[in-house]
Amino acid sequence: MSHPEHPLLEMRNIEKQFGNIVALAGVSFAAHAGECHCLLGDNGAGKSTFIKTMSGVHPPTKGTMLVNGQPVVFDTPRTAMNAGIATVFQDLAMIPLMSVTRNFWMGREPTKGWGPFKRFDVKFANAVTMAEMSKMGIRLREPDQAVGTLSGGERQTVAIARAVYFGAKVLILDEPTSALGVRQTASVLATIDRVRKQGVGIVFITHNVRHAMAVGDCFTVLNRGRTLGTARRGEISAEQLQDLMAGRQEIASLEGSLGGTV
Amino acid sequence: MNPPGILQSSPAVPVDERIKRISPLAKLMRRPELGAVAGLILVTGFFLAVADPVMFNLAGLVNFLTPAAQLGIMALGASLLMIGGEFDLSIGSMVAFAGLIFGASITVLHLPLLAAVPLTLAVAGIIGVVNAAIVIRTGLPSFIVTLAALFILRGLSLVGLKWATGGSTQLRGIAEAVQGQAFLGLFSGKVFEGLFATLTEHRWLPRFDNGEPMITGLPVEIVWFVGLTALATWVLLRTPLGNWIFATGGDPAAAKNSGVPVRHIRIGLFVVAAMCAALVAIITVLDSGSTDARRGFQKEFEAIIAAVIGGCLLTGGYGSAVGAFLGSIIFGMVMIGLTYTRIDQDWYLVFLGGMLLVAVLFNNSIRKRVTGER
Amino acid sequence: QNIAVVTHGQANDPFWSVVKNGVEAAAKDSGVKVTYRAPESFDMVAMSRLIDAAVNQKPDGLVVSVPDASALGAAIQRAVKAGIPVITINAGLESSKKLGALLHVGQSEYDAGKSAGEKLKEMGGKNGICVNQEVGNVSLDLRCKGFADGFAGKTKVVPTGNEPSEVRAKVKAALDSDTSIDTIMALGAATAGEPAVAAAKDSGRLAKIRIATFDLSAGFLKAIAAKEAAFAIDQQQFLQGYMPVSFLALHAKFGLMPGGNVPSGPNLITSEKVSQVIELSAKGIR
Amino acid sequence: MSHPEHPLLEMRNIEKQFGNIVALAGVSFAAHAGECHCLLGDNGAGKSTFIKTMSGVHPPTKGTMLVNGQPVVFDTPRTAMNAGIATVFQDLAMIPLMSVTRNFWMGREPTKGWGPFKRFDVKFANAVTMAEMSKMGIRLREPDQAVGTLSGGERQTVAIARAVYFGAKVLILDEPTSALGVRQTASVLATIDRVRKQGVGIVFITHNVRHAMAVGDCFTVLNRGRTLGTARRGEISAEQLQDLMAGRQEIASLEGSLGGTV
Amino acid sequence: MNPPGILQSSPAVPVDERIKRISPLAKLMRRPELGAVAGLILVTGFFLAVADPVMFNLAGLVNFLTPAAQLGIMALGASLLMIGGEFDLSIGSMVAFAGLIFGASITVLHLPLLAAVPLTLAVAGIIGVVNAAIVIRTGLPSFIVTLAALFILRGLSLVGLKWATGGSTQLRGIAEAVQGQAFLGLFSGKVFEGLFATLTEHRWLPRFDNGEPMITGLPVEIVWFVGLTALATWVLLRTPLGNWIFATGGDPAAAKNSGVPVRHIRIGLFVVAAMCAALVAIITVLDSGSTDARRGFQKEFEAIIAAVIGGCLLTGGYGSAVGAFLGSIIFGMVMIGLTYTRIDQDWYLVFLGGMLLVAVLFNNSIRKRVTGER
């Protein structure tokens, strides 16, 4: 392969069961610095479950994880974060009753002052939040608005802006553009591109083959808890990828009636 | 890493390879109430080992099942309301207030039983509607609204008792006033007395040393308790109404958006909870023949405890009537059981708290083990 | 032998803990086994079940308090019918015989309240308050009622909770808003009596106010000794626990039983008698 | 215009404020039988707020609504449903703790038996749920699984299947395909097409211009709480629509770097 | 319908036309606690109109603020815990238990105040950790776990008191034992006595008829109450820790996924709540000189009421320390205030419930009106 050095993050033979439900049946995967690795697959294939084990939300039932070639165990998301992994979860992990700023900084609040008088630097936090949001194409009314009252896309943008801002080594994005408008989507894709060029490894989950092809360096397809394999950019065409994701089923007939627009 | 070649070999997967076989036991244990069975078994085992064996002869069983049934009827109402996402802290005071209404309508207004019972239930129902209306109108948490009702009803019971008795806080003479009236047997006394007498005669039931039977029949509240549990279970699991109750408690906004008449459900549940308390008031007032201003003190609390032991979530949307049933029995058994042991009364509360905790922890760990959750 | 005691007073009630101490002392002295049971709040329905449970174990004797004869009657009669000797204590003097109990030990709360009221009236009180820490508890309500009837002046009930600071604030509020109050009747020495003394001090009228209490506590007795408070009514409730148990033990052994009721009080503790009582009170005997 | 008869559902000058926030500043709109009306717009434009007033979730601050030309007031979603309007909300309106079947039928449970013995027909309900879900391309493990444990796409499919099953006259879909895989998306678009042909009026919110062009008969673009106007199919090209939605801003520059893939 | 031609004329919109001007008052009223100000004003107005005016002279104020402060310190702990999404029902019993530990360590172990206070706080803290550990480990609702602790601690207090006194339920002689010890003034007695004396001399403070000052200083619990409210407010609003508490209560899963150390926060909050109760125990024990088995009975309940009046949500994630502060004062004022009026005391509970309800309703409607919510 083209990466003789250790990948930033490697997952080997990850299995995960919830009670009697098997969500992952042995999946391997690696994220390299400066690359965007796309994770694709049908609904319920296990993508979200997989990246949740990467970011320490739940421990895998079986399998090993390596960061820079060293085996690690992430017992909480905080450990994963401290290892430089930032994640946009599909459910966004936001607190509806709290303000945009407080959500943005949750867990890593900037402080000023010293000793016992160290305090949350609200002004700085507000300013950074507004700036990062407008970089993503959302102009907030006020940083104090509760996240629960934002529109779906606005909320998703907060989660993305937060992860990008804090994503030190690996940035995991679980369907980040699902609720976004055209402009915001473009801006997120551009951001992925920019961040990647800074040497961050990116894991990008999407159902949109065009988005995947636009920014992906590597493509892994999951199906029913198993990996169908990994391909590098250029080794696979958009059509092949589409076929793989959809399991090559009724898609052809549908395409006919809808004029190839999906 | 997998070479890209693998991409072509998509394996042909059978239909549900992603679902492991699950034992029928595990499937059963997934039901919220059945965890409480483990707690019940544990507590029973403890008393079997420690307590006087008379605790578990028929007289002993009835002895602790009677308060369990009185608590349980309230716990049923409380658990339905909790599943629907609300609390009613006023049901304890409601026992005193409904007892006053019932007692006063019999001794002061001289109404017959057949009028006093519906009147009492109606008053309770109206108070339930008022509670519900305030909660729905203002959007305030039901905790604080029914807490105010707790104080107000308790206070009104005191004032009303003084008014009805001319200065005392105890109203007597109710049992005498309704003696021999129609339908009395529905709310008072024992059932199956003939059967019990025959059984005692044949020495199948325990007697005192002088030959008196220890138990003469099944208290009527136990029949109500079992009947209402069955009814509530049927409603919850087998009717659209049950689905609406779960939905209302699970996420009222989502339920409303899906077309569930959330308001009506809430009002109905408050009424049911209040009426359950009133029924307990009627039964206990007839049983004791008197009522006083402290009746039902903290029963709201015990009802919620019983419901929670039985697996109801405080946050709503999850629970069962059978769970409340089992929870009440556990609670009643622990409450009375101490009497059958040689443990010092001073340790009662330590014992009660410890048993509760152990029962709930045991519940929980058994269920997790069986269903394989973590 | 086994003797069962079922009362309506919680184990952590200072009054009833003395009764329980009496029960335990008698058990030790007479060499019998006793179980002491009580519901955790003033709950007649629960109490009748506790009596049933005790009776189910066929004890050699049963001691009960009867604050509500109609609610507890059935359970007590069941014991009598089963041939278990029953002695009533504390409350229930009126109904004791009717229910088939052998005798009654103690004094009615109403009468104790009445004699305290009479005494306070004698001391010159005209306008009194009755500090009730548990309104709705029938025995406490009867104490207040007895006080009001014996006092025969202007009286008012001040309902409070169990917290000394709250009682103190409420009594002070009552004293401040009605400056003609000259008498305080507290229904419990530690919970209501001691804070009442403190409140009277706070309002600067300690010298003008007669303070009396039911039951004893070391702190209140000290106030009596210092002439800050008038007197405490002592039912000698230790006897209410001790005597019935030893009676029943003797009854079981030799068939002995006194011929009539035993009044254990009232007994007014004034500043003259106070010194002997303080130590015993701190130990839970008085 | 081409519709002389009354539209199924018409909204006139709808305004909506939340406290001091103006979400809609006068929007008009109509849904006709047998047509798919696409509602497009940037994040936070007010699309979800608008369709929530249509389906009775919150009353408009100002404005009138007409069904078949008759003014109506929907005070609860139930009234709207009884008028034949079914909605897939952006937040899906599902109860996580309840099973798939119970969520599917919530509010309109099928019963059998009579009088006081009328009861929830569980068998029938389960069968219909499984069937409707598999029509959408999702094969559920069991109808008793709690919705909270479904994957994002599975959950969205339940909401769509439910609305389609009950959508008598008007079917409102708020970003129904955002979390869906390729196959499921195709199936939803095909479903829209099929339902429309049966004479149901459809309101379809999406950020994906391709999806809108594939099934839309009519396109309304919202921007910052106002409508930018309505165009019929053929009067507007995909590029024009895209421009309108994105406000014709940085999009061009982004497109360049990403190779027109958005 | 708009003709398609309009499509081209996209209006040039200014930056924030979508946000209406909002009055500074409305902005203030959005804070959770400031709704409670309306309730406080209402209740104060009521008593100004109805009660004896001595209620509001300085001596009267101190009279009802003292119990309010004792309740308030517990309400602060309870409200922080509630904001963090949990309950602690054992804080009432903790007052009795910590009182026992404190009293026994002074009278039985003869420890000096300087050792007894840290010991008491440490024991309370450990119990808080145990509660938290059980809640976190098992995932059981804190309601049921701390309820068991409620019973257990209450029971242990009784047993311990009997052990420490040799049979009585009251442990006394504590005040005498610590007389004159260092730092006693921190937990007992009054502060600013010099200032008050001067003020009285200048007739700025009320006196008794015989010239004695009516009030000699500010009870120390009021100072603690104000200080702790300020501290808690600062932590909640101005530190990362505060953000974490809100996040933990708002959605623990989301908070955890965002890197908030949810476990540590929870443990810390349980410890704080328990320590607040222990502090109240120390203050009240020193104040009354004794402790007994019924101290703090139902205080957990009152603390939660005060927090809810002050705007805390029972579901967690929303509330404020100032709200708990105001809620405690409202509750304290209503509790004591009736005694200053001529209303028949039998109506006490009706009045208490009615005032609570009215205060909360008034709160709510004022806030909605001002902020324009519906």
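By letter and in written order, the chains are A, B, C, D and E; residue numbering begins at 1 in each of them.
To be clear about the criterion, contacts are C-beta pairs under 8 Å (C-beta built on N, C-alpha and C of every residue); 3 or more make two chains touch, one makes a residue touch a chain.
As the structure is a prediction and not an experimental result, all values here were calculated from the model.
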Pair of chains whose C-beta contact count is the highest in the structure: A-D
Most remote chain, CA-based centroid, reference being chain D: C
Intercentroid distance (Cα basis), chain C paired with chain A, Å: 71
Euclidean distance of C-alpha centroids - chain A vs chain D, Å: 27
Averaged-CA centre spacing for the pair chain D and chain B, given as whole angstrom: 43
Of all residues in chain E, the ones touching two or more other chains: 18-19, 154, 158, 162, 346, 348-349
Touching two or more other chains - residues of chain A: 18, 21, 91, 141, 247
Residue numbers of chain C (touch at least two other chains): 11, 135
Residues of chain B defined as touching chain D within the complex: 15-16, 18-19, 234, 237-240, 242-244, 246-247, 250-251, 253-261, 317-318
Residue numbers on chain B that touch chain E, as the complex places them: 134, 138-141, 143-145, 147-156, 158-159, 162, 304-305, 308-309, 313-315, 346-354, 356-357, 360-361, 364-365
For the chain C and chain E complex, residues of the former touching the latter: 11-14, 17-18, 21, 135, 156-159, 161-166, 169-170, 172-174, 176-177, 190-191, 194-195, 198, 202, 204, 217-219, 281-285
Of chain B, residues touching chain C in the complex: 52, 54-55, 57, 59-60, 63-64, 66-67, 70, 154, 157-158, 167-170, 172-173, 175, 208-210, 212, 214, 284, 287-290, 292-295, 297-298, 335-336, 338-340, 342, 344-346, 348-349
Footprint of chain D on chain A - complex, ascending: 18, 21, 41-45, 48, 90-91, 137-138, 141, 145, 149-154, 157, 175, 178-187, 189-190, 193, 207, 209-211, 213-215, 242, 245-247, 249-251, 254-255, 257-259, 261-262
